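As written, the chains take the letters A, B, C, D and E, and residue 1 is the first residue of each chain.
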Amino acid sequence: MSDVPFLDITIFVPLAGALLLAFIPTQRSTWIRYGALAVSLIAFVTSLGVLLNFETSNAGFQLGSTASWIPQWGISYATGVDGISLWMVMLTTFLMPLGILASWSIEKRLKPYFIFLLALETGMLGVFSSLDLFLFYVFWEATLVPMYLLIGMWGYERRIYAAMKFFLFTLVGSLLMLAAILYVYFSVQNPTFNYQTLLAQVHFDAGVQRWLFLAFFASFAVKVPLVPLHTWLPDAHTEAPTAGSVMLAGVLLKMGVYGLIRFAIPLFPNAAREFVPWIMALAIIGIVYGAVVAIMQRDLKRLVAYSSVAHLGFVVLGVFVGSIQGMSGGILQMVNHGLSTGALFMLVGALYDRRHTRRIADFGGLAKSVPILSGVFLFVALSSLGLPGLNGFVGEFLVLLGTFLSYRWWVIPAAFGIVLAAIYLLWAYQRVFQGEPDLEANRTLPDLRVREMIMLAPLVALIVFIGVYPKPFLDRIEPAAQRVVTVLNQGRPTPELQSSAETQP
Amino acid sequence: MIPGPDFLGLAGTIILTTLSTAVFLLFFGSRLNRWSTLAQRIPGWVGWLAAISVGRAFFEAIVLLVRLLERPEEHRSIAVHAFDWLSVGGFKVGFDFLIDPLSVTMVLVITGVGLLIHIYSIGYMKGDPRFSRFFAYLNLFTASMLLLVLADNLLLLYVGWEAVGLCSFLLIGFWFEKPSASNAAKKAFIVNRIGDFAFLLGILLIAGTVGNLTLGQVNAQAGAMAAGTATTICLLLFAGATGKSAQIPLYIWLPDAMEGPTPVSALIHAATMVTAGVYMVARMSPLFEASGGIALTVVGYIGALTALWAALMAAAEYDIKRVLAYSTISQLGYMFLAHGVGGYSAGMFHLVTHAFFKALMFLGAGAVMHGLGGETDMREMGGLRKVMPITGWTFMMGWLAICGVIPFAGFFSKDAILATAWAQGEYVLWAIGIATAFLTAFYMSRLYFRVFEGRVKVPEGVHAHDVPWTMAVALIPLAGLALVGGFLNLPGSLTLEHFLEPVVGESTVPHGLTPWLLAGGALLVAALGIAVAGSLYLSRSGNVRRRTLVHRLGPVAVAARNKFYVDEIYGYGIVLPAKRAAAFAADVFDPKVIDGAVTGIGRLVGRTSEAIRGMQSGYVRSYAATFLIGVVIITSVLLARVGT
Amino acid sequence: MNLEQIVFGVMFVVALGGSIAMLFARNAVHAALFLVATQIALAVAFLLQGAFFVAAIQIIVYAGAIMVLFLFVIMLLGVDREESLIEPIPGQRALALSLGALLAVEILYVAWKGVDFVAGGTTANGNALTEINRDPGNVKALADALFSRYLLPFEATSVLLVVGIVGVMVMARRISLLSTAPRQSTEDIAA
Amino acid sequence: MIVAAGFTAPHVELAGIGPEVALVVAGLVLLVVDALVGDRWGGWHLPVLATAGFAAAIVLAVGVWGQNDIQFSGMIATDGFAVFSKIVLATFGVLTVWLARDYLTAEGIEEGEFYALLTFAVAGMMLMASAADLIVVFLALEMFSLALYVLVGFRRRSRASQESALKYFLLGAFSSAFFLLGIALCYGATGTTNFYPATQGDPSLLTYLASTAPEHLGLLVIGTGLLIVGLGFKIAAVPFHMWTPDAYQGAPSPVTGFMAAGSKLAGFAALLRLLDATLFSLRTDWRPLLIAVAVATMIIGSVLAVVQEDVKRMLAYSSIAHAGFVLTGVIATSDPGVAGALFYLATYGITVLGAFAVIAVISGREERYVRLTDMKGLFYERPAMAGALTLFLLSLAGVPVTSGFVGKLLVFGAAIQSGYTALVVVGVLTSAIAAFFYLRVLVVMYMQERDGEVEVSRGGWFGPAVIGLAAATTIVLGLYWGPLIDLAEKARFFTG
Amino acid sequence: MTVSAGYYLALAGLMFTIGVVGVLIRRNAIVIFMFIELMLNAVNLAFVTFSRMHGNVDGQVLVFFVLVVAAAEVVVGLAIIALISRHRETDNVDDIHLLSR
């Protein structure tokens, strides 16, 4: 353990930075831009401190701190990361500087933009590091407002509708969760919000547990989103500014899955087990449905948004199949989706900056005018469609393997999602980048600028790295994931590989 | 087993040389041309660099072969471990390579043929604006293919499997400005993905059954599997192979793939990638054997039917590259036929010889196109051997090889397959094989005669010219190989077969007089095919006979010319309904039904609000009335409670 | 039938009659006068029940002061016009009457049963106040209660009256005093 | 001194009503000083004097913190509950005073009576909070109601203001009559109006309830129902809420804020003491009723606010919905419920005062700009105002890090603890609906551009100062609310 | 033989109801206000009757307070009505509904 509370510093650096940013005069746009970038980079560096001090084989929570906050109500400021949240934190701090770089072209109302973005980062980091239900809820809701304003103020044509939808969908779910949190709070001898204490003490009978699980599930399922609660997502993703979409897809959706893993399953394992088939069904419907709907989208950004529905279906599937491979794969897939979809949104944003349109029909033949951009796009699309050797495949394969081990037949529709992913991504690639550039506007576009390359390069590098050598990730995920799997599987046989390793060469 | 570091080094070098070249060229290929005067001074340096890297890999492959041959026969299977890849909860997959006779054979074919095609491409692709990207892709393909064949576990094999698919996508769509090219590329990838879907399911089933994906262990435990499971696995894996190796029902992408540059067709769509399925089945032969009859029967019959089917279409096609594509499909069917009857080494033998002569013919076709300004319609050609002697003579070698004329390579390999089928008692398959042999001889002769023999005929305004030396140096060695490739596995010595035996097992060969009779029959059939073609295309009255023949065949000929309408059936039977369903989901179901239901709740609140808003009329007496309603309700309820 | 019952009967008729008449009096002045009649009848009811002091102030304060104030304002504003009989709010009368009927039934029921509800054996029929009225006397008993136990409410009423006075001062202050301030339409606020 | 026989001299103990006395005195002084000084001192003396009165009230209230007494023959209770409420009420008063300062000047109605009426109103509310006798409740209610009728109509030239006053007055008097009937029935049932026995053995509702068989409680139950009606009017519970939007819309914004904060707290204080402390043993009778009222209140308030175009009116409906939320705390009939409700009312009051303060500042002369469309692009013209309003609205919506969230957490928590989960579910769902209209304000402030002329904003620094204070409180109590909930939990009812 | 308290209570109840109905159906603000006074009077009668039943004078004390409240209310109420009437020349509450919906 290190003495420096890297985690807590990481959480609050962006917020402090946002406050400092407020004091820079509005006209100094360059200072504001670089200031925001610097803040996010500092947060990334301190989060590296978290990563480096993390004990790989430790399944418990690490590097956090606990401070009494409102003792009367058993509320404490309790943080910590395990192998699951570690990567979520890293993903957040990693994507934020890139998101800020992607926002370089924003001219109007620069200052509030970056302030909201950084405030959002603190909220997201807090969600992933909270070990107190109250604190968690506070951070959970705290992400809503900045994102709402980001979509609503800097979004595109239907931004207000989208922002409203985003906020209300999420709020309905999270309010139900609040009621459930309160119920859980009062259910133990000495009411407390402390996650670990609650985990050790809660016991509900089946009926109650079912309702509580559903309340939590409602909140998280909206966020994930699972079909049929997904309709906020295409609107929000499409209308949000680039960095907003990156953060939405990259991190905010993960909050839903993270909540399921961290809270819904461990707190209500019996109910979770009971609902597994239903949730799996929803996840698989999401995989197929999201992909099918994505195929026919006319708006490139919307297409990417629907692809998120499909990808998150994989993640949820992996989380609930109840095998360590599925769980680890699902968690890794969250990171993967954050990287590849984040990159896709950046690329679509770059295209929008150049052409001021997102309609697929308005493009065509771009591979000729912007070869690098198109190359990167293809690369990222391949990662997204799960090409082996890139990151997407690692996660998807583990999820499918995990699914196969416990629910043999479900794997067929799930795996078919991979075929569909190829269809919508390649068709979109073809329509946007291939063919002869018919429109004059498409012929004379500038290729990726240095700034854009800088923001895409880390993503591309990581996409390859995880695809080839996911071990550092999986090694840290596995102990924590195992814990959740054990809880989920209590009272039923854990799906195991048949006969492994007794006949090593 | 002694996993020596040198083997890991060799295997790694073989893959990494080409891969690193690919990456280097991708990033700096065209840029160096802009930045460096040195680069500008050496035209085609990109191509040479790529060729050299493949050459180096070829050299290493030879070293590998030598090292392997140094070892005793039973120690010729070496697995080396580079690093862990996936390792979760007892499930472990690493970057492991398997070096054994089978993989080394494949590596040699890939690097050898690949080297020649690289050199050929330097001339062929000269002047293309994306010259360096072409070589980057080509090298990337080589690396992926090498990974595929060197992989020691199915998941790593799958990486290569999909990566070659990707490269195929990139190279088919190399001239992406052409809609036909980009369509073909997409089609190839997606159809392959459908096969891969099955392949992936097969891998999952193996992982679930064996708990391990290492080739050796899977094959070792094949016997212990339930027959049903093994059969399912084999069928799923084979379904993957039908995608990659263009078999019924997923062969439709390969003819369209001819939109890519011709060297690509030669390397990927004739010599190497499409044979991945054949290689995979051979690699998993213990599993296929263990699964009992059904899987192998399916493999054999699918292969045979594909061979026949594609040959029929090839006979009706006018586009020279497409003829070669159908021919490839047909020949791949042959290889599967071989596997289906247990003749794995025969199948592999045919794979190797086919790589030689089909690559040769594709390159020849490319030379023709090169010389004729891109023309591919054989009706616009004739007598080209006189105009393009190198091309013509080398093509002739390939033609004779594929027709199965003794002593060309094709004769021996085809004969080995047919003999094995006969020996296994699969007479139906044998019959289909012999019929296909006839058709093959016919349509290849048709192609050869129309293009290279007869009166000289070139498209208008084209100055036909023979190939530059870079292309020639590829054609000539291949022609040589097409001629002598058969000696790899002469019936007497069976060199290749013995070499492969530790991996794929011994195959049954007929003894006594039978092989001679069979070989004679096959030769006869080949001669017949050539003769028929000659009478139709070489003789003066060929035109009339052709017309009578077509008239007589009637609808069959029309159907064959239209590729038996398979594309249309897929299009209207699967693609269109699926597209309609997707459109319905995207345009109606999602926005109207799902979103409508969810946002409908919101709208309901708004409506309710508007409706009850009227209560707030502004009239104070109305307010009092509302108030009174409340009072009356409350008192009534309480009275009801306490009054009784 | 004794005298008390006769007086009660008369009182009952006057009080109820006055109330009902108020409902139908189209002129505000008439309504006020009917109210006065009702209030006087109520004073009689108070007397009948031994609440002498309250009866007195009922006449003085209510029927006297308050009702005079009412009439005063009616006159002052000149709003003693006849009220139209047309009801502009649809269903208001039917609603009012049905609700009123319901409420009346309920209250009558409570009044009838209410006597039984009250525990403690109090006499519904006799007059339990007779004792008190005899010994300290009604006024004195009232004063005792008012200035000892009810001292605080009593003081509170004084504040209440002050509030009333101040309120009237504010409300009745001539608006023209404020004419220095710009006058603006308030239509847009209320629209 | 001649003391008549049988007369027991009252034991006068002013400490318990110290705050009220201080405010009444301050009010009287204000009237006199105003009459004497007139316009001479630039109007400074009035708010300062009023503030002094409130400060004295707070000091006096704090002085009796911890007492657990009933005084004036059981007329008032001097307990933690009362003291807590009084301090909070005085705080509302101070904020209103300084908010009104600039407002009145700008409107040209800076009159001493405003402050006097305000102090009287607060005194009435305070009395309500400690009232331990139905008649005191009634008098206190009338005391602050009368003051409020006048304050609502204080912009005498404004038709809207007049109309608000009239409607509020007529309906207020109407509801008072019902409340009075309720008192009558309670008195009829028990022969007393005292909550607690003044001395051991004296008649009181509590002793009556303790000593009477349930079948004899009928009249009391009906009376309780009518008392709920009367108090329900004050707290704006459905269906007694109809006055709220009209009165809120027409009243001067500072008064609206004060009304929303103070009158709700006073009404709830009486309701809590009456139901949760006194008629506790009748809870099976009144609780279902209150649940129905709470559900209707939450739903109607939230749903109707959705379509409002006038911000004040929208906030009026929101205040109705909030009454429903607080009612869940009352329904919990537990100590946490009472504490939660108190906390909720205190923080809600500050927040809503802040919100109306922003409206008072930005609405321009004659409150012309109070429509939603008038707030377009506010964030770009007055970022601080928009930011503060955002904070207040988010607090009203119950978003974390604001005191509004904590309040909801506390009352909903208490309700869940008492087993009213379904009620809480209704509560959270209506909160979601409610969020919609708060968000609408955010939409116009942040996401739309202002079209047309720029508004005339009210000058002065006191409005913004009040807003800043309210904003700071909202945030601080959202982040660190332990001490306040401690106090609220210690604010127990008198126990005999 | 005194008249039973029930009769008085019934009278009070009827008067209260009439007051309520009057508020609802009359339109003149002053008249409405009179009906409210009628309601208060009815309650007073109830107080006095209960006072008699219980044999304590508290009910009568309450009547006293009600009277004072009524007086104060009347004063303020009439002032408000007067203000509006002077401004709008109407005392019909139905004409006063600028604020609605």
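Keep in mind that, in the parts below, a residue touches a chain if its C-beta (ideal position, glycine included) is under 8 Å from a C-beta of that chain, and two chains touch if they have at least 3 such contacts.
Keep in mind that what you see is a predicted model, and the values were worked out from it rather than measured.
Looking at the partners of subunit B and subunit E together, the chains they share are C, D. Farthest chain from subunit B (centres taken as the mean of C-alpha atoms): C. Of all chain pairs in this entry, the one linked by the most C-beta contacts is C-E.
Centrality by C-alpha centroid: the chain sitting nearest the overall protein C-alpha mean is A. Centroids of subunit C and subunit E (each the mean of its C-alpha atoms) stand 4 Å apart. Centroid to centroid, with C-alpha atoms defining each point, subunit B and subunit D lie 79 Å apart. Each chain gets a centre from the mean of its Cα atoms; for subunit A and subunit B, those two points are 36 Å apart.
With centres defined as mean CA coordinates, subunit E is found 65 Å away from subunit A. In subunit D, the positions touching at least two other chains are 135, 139, 142, 146, 149-150, 153, 156, 159-160, 163, 165-167, 170, 174, 185, 188, 191, 217-218, 222, 245-246, 249-250, 436. Shown for subunit A are the residues in touch with two or more other chains, namely 168.
Contact of a single residue of subunit C with at least two other chains is seen at positions 89, 92, 95-96, 99, 103, 110, 113-114, 117-118, 122, 150, 153, 157, 160, 163-164, 167, 171, 175, 186-187, 190. All chain pairs that touch, listed by label, are A-B, A-D, B-C, B-D, B-E, C-D, C-E, D-E. In the complex of the two chains, the subunit E residues touching subunit D come out as 9, 16, 19, 23, 29, 32-33, 36, 39-40, 42-43, 46-47, 49-50, 53-54, 56, 58-59, 61-62, 65-66, 69, 72-73, 76-77, 80-81, 83-84, 87-88, 93, 96-100.
Those residues of subunit E that touch subunit B in the complex are listed here as 20, 23-25, 27, 32, 93-94, 96-101. On the side of subunit C, the complex with subunit E involves touching residues 2, 4-5, 8, 12, 15-16, 19-20, 22-23, 28, 31-32, 35, 38-39, 42, 45-46, 48-51, 53-54, 57-58, 61-62, 65-66, 69-70, 73-74, 76-77, 79, 83-84, 87-89, 92-93, 95-97, 99-100, 103-104, 107-108, 110-112, 114-115, 118, 122-129, 131-132, 138, 141-142, 145-146, 150, 153-154, 157, 160-161, 163-165, 167-168, 171-172, 175, 186-187, 190-191. Within the complex formed with subunit C, the subunit E residues making contact are 1-22, 24-28, 30-31, 33-35, 37-38, 41, 44-45, 48-49, 51-61, 63-65, 67-76, 78-83, 85-87, 91-92, 94, 98-99.
Put simply, subunit C touches subunit B in their complex at residues 89, 92, 95-96, 99, 102-103, 106, 109-110, 113, 117.
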